[in-house]
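My questions all concern the structure below.
The first chain written gets the first letter, and so on, giving A, B, C and D; residue counts start at 1 in each chain.
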Amino acid sequence: MFADYSWTELGSIFAMQGFAGLILFSVFVLMALGLAIIFGQMGVINMAHGEFMILGAYVTYLCSNIVETYIPSLFGIYFFFAMALAFVAAGALGALVEWSLIRHLYKRPLDTLLATWGLSLILQQAYRSIFGAREVGVSLPNWLLGSVPLTDIIEIPINGIFVMVLTLVIAIGVYFILFRSRMGMQTRAVVQNRVMAGAVGINTEKVDRHTFALGCGIAGIAGSAFTMIGSTGPTAGQLYIVDTFLIVVFGGAASLLGTIASSFAISQAQSTMEFFLSGSMAKVLTLLTVVGILMLRPEGLFSLKIRR
Amino acid sequence: MTHVKSLLSRQELIGLLVVAALIFVVMPLSMDIFRLNLFGKYLTYAFVAIGLVLCWGKGGILSLGQGVFFGLGGYCMAMYLKLEASTPEATAIQSTPGIPDFMDWNQITSLPWFWEPFNSLTFTLLAILVIPTLFAFVIGAAMFKRRVGGVYFAIITQAIAAILTILIIGQQGYTGGVNGITDLRTLKGWDIRTDEAKYVLYYVNGGLLIAVLLLSQFVLKSKLGRLLVAVRDKEDRVRFSGYDVSNIKIFVFCFAAVLSAIGGAMFTLQVGFMSPSFVGIVPSIEMVIFCAVGGRLSIFGAVYGTLLVNWAKTTFSEIFPELWLFGLGGLFIAVVLVFPNGLSGLYRSYLAPLVDRLISRGGSSYPPEPASPPPDLDGEANAKPAE
Amino acid sequence: MKRLKDLIDHRLSRRSVLSGTAAAAMLATASTFAPAFADDVNTTGLAVTDDTVKVGILHSVTGTMAISETGSVQAEKLAIEQINAMGGVLGRKIEYIQEDGASDWPTFAEKAKKLLVNDKVAAVFGCWTSASRKAVLPVFEQYNGMLYYPTFYEGLEQSPNVIYTGQEATQQIIAGIDWVAKEKGAKSFYLLGSDYIWPRTSNKIARKHIEKLGLKVVGEEYYPLGHTQFNSVINKIKLKKPDVIYAIVVGGSNVAFYKQLKAAGIDMTKEKPLLLTISVTEDEIRGIGGENIEGAYAAMKYFQSLDNENNAEFVKSFKEMWGDDIVIGDVTQAAYLGPWLWKAAVEKAGSFDIDKVRLASPGIELTTAPEGYVRVHENHHLWSKTRIGLAKPDGQYELVYETTDLMEPDPFPEGYQ
Amino acid sequence: MNTISNNTDFLLSIESLSVSFDGFKAVNDLNLYVDENEIHVIIGPNGAGKTTVLDLICGRTKATAGSIKFRKKELTQLREHEIVREGVGRKFQNPSIYEDLTVFENLELSFPRGRSVFGALTFKRDAEVTTRVREIAEMVFLDALLNMQAALLSHGQKQWLEIGMLLIQDPELLMLDEPVAGMSVSERKQTAKLLNEITKGRSVMVVEHDMKFVEDIAHRVTVLHQGKILSEGSMAKVQADPKVIDVYLGH
């Protein structure tokens, strides 16, 4: 299939394709980080993860409308407020959900799946009732649109760069929160031994709520960022859920590094296959490979061998 | 009578009779054929829910991919019916007469090899049972031998459901794509679309459901039934009692798969088509929810749970089309939070003692803990309590 | 292939004739034994009283398809209201019963059956996806109902119980490709679609037609419904440098595709490559954002911006009823035609009887259609013009071309299969 | 104590056994032998690898190197249930019983018959089973509680039930991980009596912290430290070993 093209063209295309893979990687990491915290660290199967993302997207939509109407001078930078608000809104809803629902279910992980599925139905209908069944268009400041041309063929999408930078910032942020802050230490202590953590004076309920809210908040930021590349509608969250869970499981549920590694592996596999095969088959093959590897190595990519 | 006794306690016998009466007497008398057909469709989901009671409620294996097996059974049946509906005479207008219409639209000029055997009803009926079993066996063997369990199993089965859906939709020349296999007419020349046929199919479906209930009851009453609970609670202990735990899990997963497939085949017969929308993630999760609402530990509960959720879905969506998802979502949350043992839990706490008092002469009592399987009221262990 | 079409026509007309005679016979008996007024126009027990007639509206109000189907529901309700304001059909006010298909095909079949069997409606306006139509089709044929189906679709179907008010694939595709080939000098095409029957069938027809014109297809590709990552295919498009991207992406994927296309530096206003779609109406642009799709061309039969009196009136009343910020797409307009076509057929037949309405339908003309003039073909599809619109940043299309003649609907096109 | 004699005389011989977790050697080149009809107690400080040794024998953990021979049969290649069927029984640190089932059902499930899927489907609760269950229940002091749900037993009774579940399998080697942990003084005495009774005709390996209890039951004691044997012999000999004293008191 390459016979018709010059080497420069091919080189450019592979560079572009590599970049496309990196964008996909960032998107996956952004999608999965929140879930990796909630599912990987807390063991809660949050089927409403996609709906938390969409909440972030709707918050961004509202922000864009309000800013455009009332303070158009700030439109160029509204996206940053929007992301912060998305984090707060999704995090607050997360805390509420943890308090009213999840905290009763820590001993029954499979039941969290059912309850959060119910929650996702309710959220979907809520979005539909509030924002209408149709997709909404989120208008973006001009500097976020378009691309930077490097050569004739190589053009770097600005929103791609934005997503990559954002992912990096959030990943570093999560690393610091979980591994360098007191809250993170407490979180990990609670995850490893709830009773003991309680005994040494950690307020486990508070830690749970904060951790869950953090995961949801990150989902909210992800949703906000995805308004640049995807659709915002009541059921759009459903599109992400299977991929997201597979990424987290494939990475080894308890390992954040694993989540990042698996995002990388899956995104590269998918974008390479998409290039050589047709879209649907690439998707099927990627999923099959992931499932196949998981069957051979159920603990995922990254997992510590531990004494039981 | 002793056989019945060892298989069903009095409570369970009554439960079974009530289900049978509901299916065979109450519903047909109180509904027109339209509603009855609808009810029959719901009952096909009950097959899946019963399988989930064994697999998930008893054995602790949550599969989010039961739609796969429901779909496999349904598609096998649909392939046979479609071939019967695609006689060269009926499809004379196609460029290639004698093959299903959707193949003709996709430039397929001869019947694909894997469709060939579905010309035979015997093969089809066997395939409905065997193909899902084999598929479940392969998945089960791969996962359970490597001790993949719990949440991981759930998510992998969910991914399998997603993959199969994409495949079916993508290979529309062979599968009918997103539209599914539609316009099914006759079974061995017998028109399945008439009201009379719908009655017959409804009763066949009901009969099969009772048979499946009895079969499941047999499994649950056997030592295997207790082993399932044991595996759920203390998998290692079972293993260190000399059992190959993976085989037990594979068995129950295959068993649940076969039940789902039977449901799927009956669905195709009663509804008249099959499409990928019954294979994917959403229907698979819904089926788990039917089971949960019924009370995940009771096979009778599963039947009622399925009926209740579907009835609620239909009714809510007729009365409040814009609001019914709130109701449905709320129901799921309520089931998990407030009634974790579902309908059967409610029955056990409120109705069962009453029924017990009515039917027994004060002999047996019900256990306080609903999480346990029904005790052997007439078993030897109880007959001669130790002194 | 000629044979195929003849056979269909033959079958259809023979069926119509047979049912026609039967209906005539029944009418005779009915008028002999039951001279009451309502029975004259209703010999088969439909829900018709002396001053009302019941019809059904069957779309998804919930689930993934609700996004698309909302507009159709609104259009059908508007048409019904307007008809009632004009005195109804045969002097009877239309009462509608709305059912939710919930984006679930068996639910559609179930509700269709309820509408026909329990509610005995005289006509149903509904369905959107092909899958839902395929699911309800046997129900309509078995219980002899009448369905008015609004969506542009892949063709390959012709039921005596359905009137297809949207365009079938050839009407939409052939004119569009002819236009880009002739006006824009396009030589090569990249075909892209969501992975299901409509895009696949449409691209098949497009490919045949492109090859027939001696032009080239340089790529053809499908992505699963709901797919949101299109960077790889965009790179492939950049590599192949086609003159035209022929896109039939639907739903949420649409939004992702156009946003990413724009972000990847493909400026459609430069028309290098040019993008021609048959799947993006004004409805979809709301989700995509006008700035993201500016410069794309769409081939369909209706745009909200059409400049004619019918349309001005239609857009005005639509906004009065459903709010100022509403947009109207091709399917919405086609859905609006449904109740009007039915009214015309009933009045021509002088009866609500399904068989008589069916017989009366071919040849029905609508001069008041927002899109201009339409006529029902023998094959139950509509004669209509095909138009090309250029997407503007405000989310509207600007009409750049329309066929001079009405395009003949041809659901089983010869040489395109 | 000439351990390197002819290992075929032993019921269980462990030779050069090692296992490492991510580089950490939990068990390091271990040699250990268990005689017929012997109560062999393994003691050692926390993290010495005691439980890991039991895990290795019963197949729960796979060895990195070395061999475990039971009646001349290599166990390292077998899967857990196969090792059990060879005649090795294992009790866990925390009572591992089926809480949702009755005492009777707990014991019945452990009865070594109908262990295949179809065997379990066709299993009949006949006289042989009930007699044997009652016999064992009496042995582990639970004969009055046969129909009680296991979840309702006291902690000590659960420990006994688990021992009973092992006994009904009639294993030749019984491995007990802290059998008296959490028991009252009187329960401890009863358990010691029980252990002495059940060693008739079988060997028992016990991991235990309670030195008083170890003294009561041990025929031979092995002291593990950092995955290696520190000392071995009778209780008296081990207690006098300066290395042992150093490890226990030095920490």
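For this structure, a couple of remarks:
Criterion: a contact is a pair of C-beta atoms (placed from the backbone, for glycine too) under 8 Å apart; a residue touches a chain by one contact, two chains touch by 3 or more.
Computed from a predicted structure; not experimentally measured.
Traced through touching neighbours, the fewest hops from subunit B to subunit C number 1. Using CA-based centroids throughout, the chain positioned farthest away from subunit C is D. Taking each chain's centre as the average of its CA atoms, subunit C and subunit D sit 75 Å apart. Mean C-alpha positions place subunit A and subunit C at a centre distance of 37 Å.
Between the Cα centres of subunit B and subunit D there is a gap of 43 Å. Shown for subunit C are the residues in touch with two or more other chains, namely 61-62, 195, 222, 224. Shown for subunit A are the residues that touch two or more other chains, namely 125, 128, 280, 283. Of all residues in subunit B, those touching 2 or more other chains are 166, 169-170, 322, 325, listed in ascending order. Contacts from subunit C toward subunit A in the complex involve residues 61-64, 66-67, 69-70, 195, 220-224, 226-229, 231-236, 238-239, 251-256, 259-260, 262-265, 283-292, 395.
For subunit B in complex with subunit A, the residues that touch the partner chain are 56, 62, 64, 142-143, 146-148, 150-152, 154-156, 158-160, 162-163, 166-167, 169-170, 281, 285, 288-289, 292, 322-323, 325-326, 328-333, 335-337, 340.
Subunit C makes touch with subunit B in their complex at residues 1, 3-4, 7-8, 11, 61-62, 98-100, 102, 104-107, 109-110, 113-114, 117-118, 129-131, 134-135, 137-138, 142, 156, 195-197, 200-201, 204, 222, 224-225, 417. For subunit B in complex with subunit D, the residues that touch the partner chain are 218-219, 222-224, 226-227, 229-230, 233-234, 236-245, 247-248, 251, 367, 369, 371-373, 375, 379-382, 385-387. Of all residues in subunit A, those touching subunit C in their complex are 5, 9, 13, 16-17, 19-20, 23-24, 27, 125, 128, 132-140, 145-147, 149, 153, 155, 157-160, 228-236, 238-240, 270-271, 274-275, 278-280, 282-283.
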